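Paired with chain B in one complex and with chain C in the other, chain A is shared by the two complexes that follow.
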Partner chain A sequence: MNLNPIVLDLAVLALGLVLLLLEAFNEEKEKPFFGWLSIGGIAIVFVLSFFASQQIFVGSSQLAQFYKADALAIFYKRLALGTTLLVLIMALEFRPILSSYLPAARKNAGLGEFFALPVFTCLGLMWMASAADFVMIFVSLELVTISFYVLVSYMRRSSASLEAGVKYLILGALSTGFFVYGITWIFGITGQTNLLAISDALRVLAPASHTAALFGLGLLLIGLGFKIAAAPFQLWVPDVYQGAPTPITALLSVGSKAAGFVVLWRVIEPFLQTPAFAPKLQLILVGLAVLSLIYGNIAALPQSNMKRLLAYSSIAHAGYLLVAIASWKSGQAPVTFSFYLAGYFLMTLLAFLVLIVVNQSTGGDDIANFNGLGQRSPVLALGMTISMLSLAGVPFTVGFLGKFFIFFDAVKTGQWLLVGVGIVTVAAGFYYYLKVLRAMYWNVAKNPSPIVVSPLTRATIGVLIALIFVLGVYPAPVLEMLK
Partner chain B sequence: MLNLLIAIPLVAAIAILLGACAKKTALLATALNLILTLFLVFQYDQAKAGYQFTSSVSLIPELKLAYFVGVDGLSLLMLLLTSIVALAAIWVAPQVEKLERYPNLYYASLLFIVAGVTGAFASLDLFFFYAFHELALIPTFLLIGIWGSGDRLGAAWKITIYLALGSFVLLVGLLALYLSLPQAVRTFSIPDLQLLALKGGIPQTPWIYLTLLVGFGTLISLFPFHTWAPSAYASAPAPAAMLHAGVLKKFGLYGLLRVALPLMPQAAHHWTNLLLFLLAGNILYVGLVTIAQKRLDTMLGYSSVMHMGYIFLGIAAFNPLGLTGAALLMFAHGLSIAALFALAGAVRERTGSLEFSKLGGLAKPLPFLGFTFGLAAFAAIGLPGFGNFPAELPIFFSAFSHAGNGLAFSNFQIVGVIALWGVVISSVYMLRGYRASFLGEPNPRWAGIADLCRCTRPAIILLIGVLMIAGFRPQLFVNLVTPTVKTILAAPAK
Partner chain C sequence: MSPILFWIFSALMLGFGAATILNRNPVASALSLVVSFLGLAALFFGLDANFIGVIQILVYAGAVMVLFIFIIMLLDLKAEQRRQINIPALLGGVAIVVAFTAQLVTVIRSYKAGNEPFAAITPNLPDAHNIGMTLFANYNLPFQVIGVLILVASIGVVVLSQRELK
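Take a look at the complex of A and B:
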């Protein structure tokens, strides 16, 4: 079966609209129904994505100039679908907490949209993966950001959630401003918004315009730095992560970052391919990577709240991903950071899934809430352990293999500064990730009653653990997808 | 065969986590492993030498990275050490009922360490060689953190972060080694790399070797990267300390002998003087620190760091005598330190403390413990009759064979003299420690304590028995490692 990848996007769009309409016209419907419907729909599209074929409209249609359907695009579509699927599963677990923070005009009010909006975010993320034109990139980016504005502040009675929403809104708008300004500069110099055309234009660009082009690129990097949570554009991350409903934090931390990286890649690739810009751009990337690595890892050390810890860890991982991009050599396939993101997707979502269940039964998301989890629920503790070990980079997990490839590239291109900083920050990472292990196994729970885990969550944890180990030893399936 | 050796402890660990009877399953697994290892040792064709029982599965063909296992004499010796110490460690581990928390996790963690270190010694692919060793890191963290004694929290953090740092330095060194090769011949397969080295095809970049030396050195507790070891061993539960000091620490030395030396002999030569200086620190500085210890467990911890100096000396000498002695001492030291930690753990269980000022006169109420502790201490000092003696002796000779210019001593000879004094140092602290804990007037507090239970005695007898076999018939083990030593020395050195 040769499916046109655009069908996937359209299917997700249809699913989102159906969900909204059903919600609007069926007040009486039990709300978990929407959860199951959205999970089922996304799962079907996820399966369909394995039948999508690349390069369906090479040069043949007008759309091809705007819409890329290469291996990278399909891979990131899958990543977006997988993330949304898991986030919706989390949302199902998260319902009780969510409804306690909503104005209760009637039972289950406002829960339906909580399942519909992530579907639209998913659409935006999928579209970003394919966008090959600045107009397209901007539209999809805004679709994602605007649905996040709503989702982050969804818990209307929680002041933390509202605060997070406002912070995200203001800084999001600011970064959008930078991004658009960057687009206008590039457009002003090259006369193009299409990335392919820009690539051609850059090659013959008059040296006098180089500075202007770099300025435009710098503005774009600021805008995207915000999306991928790289230092020094990371200020919003901890507060927004902590305040947002946890499933949305997961979506922000994985979905938004993955899509941000694929756009970053698409935008800077033309510049990296042009010898006049490559060294300067590489220098900027090295700087961003070093800052993110150091800031993320050092600031994570004293954290006592799990969501803040994961926020700083998200900044730190943006640093590792930037190391991969900064060590990229012309002619190489952009495999390393994509593989790392696939691993990041598995381990981070596993951590958030466990966090939601623990939060629900202990009433908080501090690391102290994990005390004695090893006795209360071995399954959850195992899930969290594997996730933390993979994030820290212990061999046989996908997190280690990702770091292995990153160090491989960095040593290969001789980025010794990045290698040195990387070694130190990995060791720092061991400290704060193992802090969670310490809570779960060393410390004793105040309330030792066992935690009940629903079968769906249990199965999801099992699948994620299995994937973390399988991909940690046998990465071929993911590498194959990226070819 | 080798796959089975790695799989048995892994499967047993998972079974225990799923609820199998912990102690019995673990004992069965380690006993099976010992039998398998003995079988391998006897099946190994010594006339043919080289890597045998190999099997491999390609995982990332573009990088020539594969799951590849196989053994030669040196790895067999290390596997034998692993199986013996593993069996003894599980044997002396407390009964499940005595562990307050997570009894199954305790045994599973021990078995994960065994699986990891077995895998590391059996791997012939750099990636797996490295990865298997790391498998032991987290179980150690849990073992010290949950069941440790004394300053267990500090010790657990220190060992984990120190070793994580060391192993990532090592990883960068290995990657740099791999990437320094021309694109066409890049491979993670150790035998292929060794063939390449024989043809002089590996660039001898000094700093890459230095990275490897620092990486491996941290894992071995080479001075000045040794500070994690004493506190960790002092706090760890006895079986964990046995496995870690006895076996796991030998991984770094094994790595030097298996990877760093044969592949980069000239680069190694470049750093000989640095290594000599550092190992003298191990022997002299750490030796003196050991004398100053006031507790039995930290004394043993420091002593195990100090004895690494002798092995380094054998490796630095880079001649047949030195390397053979080093390999043999790795084996003998592993057994003796495991016995010492097992016995110290048994003493702590009975007295509740290992401070010298609170011990004394224990030989009366605990004759078996006192006797075997004495034997193990003699072995550690290097008295004839135990494996350590025929291992240390050739190391001294090998150091002295590096003659100086005329009457002046060479650096090797100077360090050799220091190492000889090290024997005196180690007899001072071992005998002092022995006197303080076992001799003298029996303390009235020892009225009710019982000697080592008959059921755990075989574990100690096993360790000391093998030590004595190695002491009286070292040839058995020397024959195993001679071909490996020859291959290491075959690469062009200068």
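Take a look at the complex of A and C:
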């Protein structure tokens, strides 16, 4: 089968619209039904994505101007679909907590939209993955961001959620401002919004305009830095991650970051290919990577809340991903950081899935809530253990292999500063990830009753654990997708 | 557009923009924003972008601002409390703004093409027609994406603002 990737986008759009219309016209319908429908729909599109093949659009059509369907685009569409699928499964698990924070007139009110909006976020992420033009990048980025503004502040009776929503709104708007200003500079200098045309224009750019082009690039990097949660643009991350409904935190930390990185790569690629800009851009990337690595890993050390811990860990992982981009001279950067993101997707979502079940049965998301989890639910404890070990980078897990590829590239291109900082921060990472293991297996629970895990969640945890190990020793399937 | 008019309208826009932030009374802030928008609209007219200028007045200064003031009146917002000024935060903010402005000035100075006079633009009328054609013919795909975006935004507004979810 030879599916045009744009069919995937349209299928997700149709699914979102169907969900909304069904929600509007079936008032009596049980709300979990919408959860199952959205999960089923996204799962079907996810399977379909394996039949999609690369396309090159030519001519003067809209697709040729704005849309890209290369291997990278299809890979990130798949990642967005996978993330959304898992997030919707989490949302199903998260329903009771969500309901308790909604001003609902009757049982289950307001849950339908909670299953429909992530579908639209997914659509935005998929469009971001395919965007080949600044206009398209901007509108799809905004689709993602605006749906996040709503989803982050969804728990209206929780002041933490509202605070997170306001913070995300203000800082998100600020970063969008920088991003658009950057686009106008680049457009002003090159006269183009299409990335391919910009690439051509940069090659023949008069040296007098180089400073201005770099200024525009700097503004773009500020805007994208917010999206990928890299230091020093990380201020919003801990509070927003902690306050947002947990499934949305997961979507934010994986979906938004992955799409941010593919857009970052597409935006800086033309500059990296121009000798006049490459060394300076390289310097900025190294700086961002070092700051993110150090800040994320050091600030994670004293955290006692699991969501905050994962927030700082997300900043730290942005650092590792930036190391991959800063080692672009190896020619492998897109493959390396995409593989790392695939691993990050598995292990982070596994952590969030366990966190949601634990949160629901213990009523909190502090590390102390994990006390004695090893006895209360061996499945959950095993899932969390694997996830933490993989995030820390223990051999035979996908986290290790991802870091290995990144540092292999860094050594190959002679980025010794990054290698040095990377090794030190990986060691720091072990400390805070293993803190969770200590709570689960050595500390005693206040309430030792077993935790019941639903079959769907149990199966999902099993699949994620298996994938973490399989890709940890046999990465070929993912690498194959990126060719 | 004569340079004098440009400077007058720019000053108007920036001055009232600052007033929007500095005023403690929300109604005064909103009205300063209206004047700031009018200054911006005048700049658009000066660039012969008549349609955008009109939209700027109709939509922003008209509809959006009426909505703002409506909400301020409905919520009965009082003047903002005088806050303790956080000196380190203030200094940090000022430092970033100064650094950014200095950067901007240097870049603009070094950008030679910025000093060259523009070729005269012949106003291409009717510009509403031109904008419509460009939007629907050349930028159709992003335009459709914006359609989805607005759908999501309007659902979000309903979800977040309904008194009780049904």
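One rule holds in what follows: the second predicted complex is superposed on the first by the 473 of 483 C-alpha atoms of A that agree within 3 Å, B and C clash if a C-alpha of one lies under 4 Å from a C-alpha of the other, contacts with A are read in each partner's own complex, and residues count from 1 in each chain.
Here, a contact is a pair of C-beta atoms (placed from the backbone, for glycine too) under 8 Å apart; a residue touches a chain by one contact, two chains touch by 3 or more.
Keep in mind that this is a model prediction, so the values were computed, not measured.
Student: Identify whether chain B and chain C fit side by side or clash on chain A in the overlaid structures.
Tutor: Aligned on chain A, chain B and chain C fit with no clash.
Student: Taking the superposition on A as described, I'd like to know which of chain B and chain C A:64 touches: first, second, both or neither.
Tutor: After superposing on A, A:64 lies clear of both chain B and chain C.
Student: Is A:394 in contact with chain B, with chain C, with both, or with neither (first, second, both, neither)?
Tutor: Only chain B; A:394 stays clear of chain C.
Student: Just to be sure I read the superposition right, which of the two partners does A:102 touch: chain B = first, chain C = second, or both, or neither?
Tutor: second
Student: Tell me the contact category for A:474 with respect to chain B and chain C: first, second, both or neither.
Tutor: Touch partner of A:474: chain B, not chain C.
Student: A:404 in the overlay: touching chain B, chain C, both, or neither? Say first, second, both or neither.
Tutor: first
Student: Using the touch definition from the top, say if A:423 reaches chain B (first), chain C (second), both or neither.
Tutor: Only chain B; A:423 stays clear of chain C.
Student: For A:431 in the superposed arrangement: first (chain B), second (chain C), both or neither?
Tutor: first
Student: Residues of chain A touched by chain B versus by chain C: which partner has the larger set?
Tutor: Tallying touched residues of chain A, the top partner is C.
Student: Look at the superposition and give the distance in whole angstrom between the closest pair of CA atoms, one from chain B and one from chain C.
Tutor: Between chain B and chain C, the shortest C-alpha distance works out to 36 Å.
Student: On chain A, what residues does chain B touch that chain C touches as well?
Tutor: Chain A residues touching both partners: none found.
Student: Could you list, by residue number, the parts of chain A that touch chain C in their complex?
Tutor: My answer: residues 13, 20, 27, 62-63, 65-67, 102-106, 109-110, 113, 116-117, 120, 123, 127, 133, 135-136, 138-140, 142-143, 146-147, 149-150, 153-154, 156, 189, 206, 208-209, 211-212, 215.
Student: Which of the residues in chain B end up touching chain A in this complex?
Tutor: 59-60, 67, 101-102, 105, 127, 130-132, 134-135, 137-138, 141-142, 145-146, 153, 157, 160-161, 164-165, 168-169, 171-172, 175-176, 179
Student: In their complex, what parts of chain A are in touch with chain B?
Tutor: Chain A reaches chain B through residues 374-375, 389, 392, 394-396, 400, 404, 407-408, 411-412, 419, 422-424, 426-427, 430-431, 434, 437-438, 441-442, 473-476, 479.
Student: Which of the residues in chain C come into contact with chain A in the complex?
Tutor: These residues of chain C touch chain A: 103-104, 106-108, 110-114, 138-142, 145-146, 148-149, 151-153, 155-156, 159-160, 162-166.
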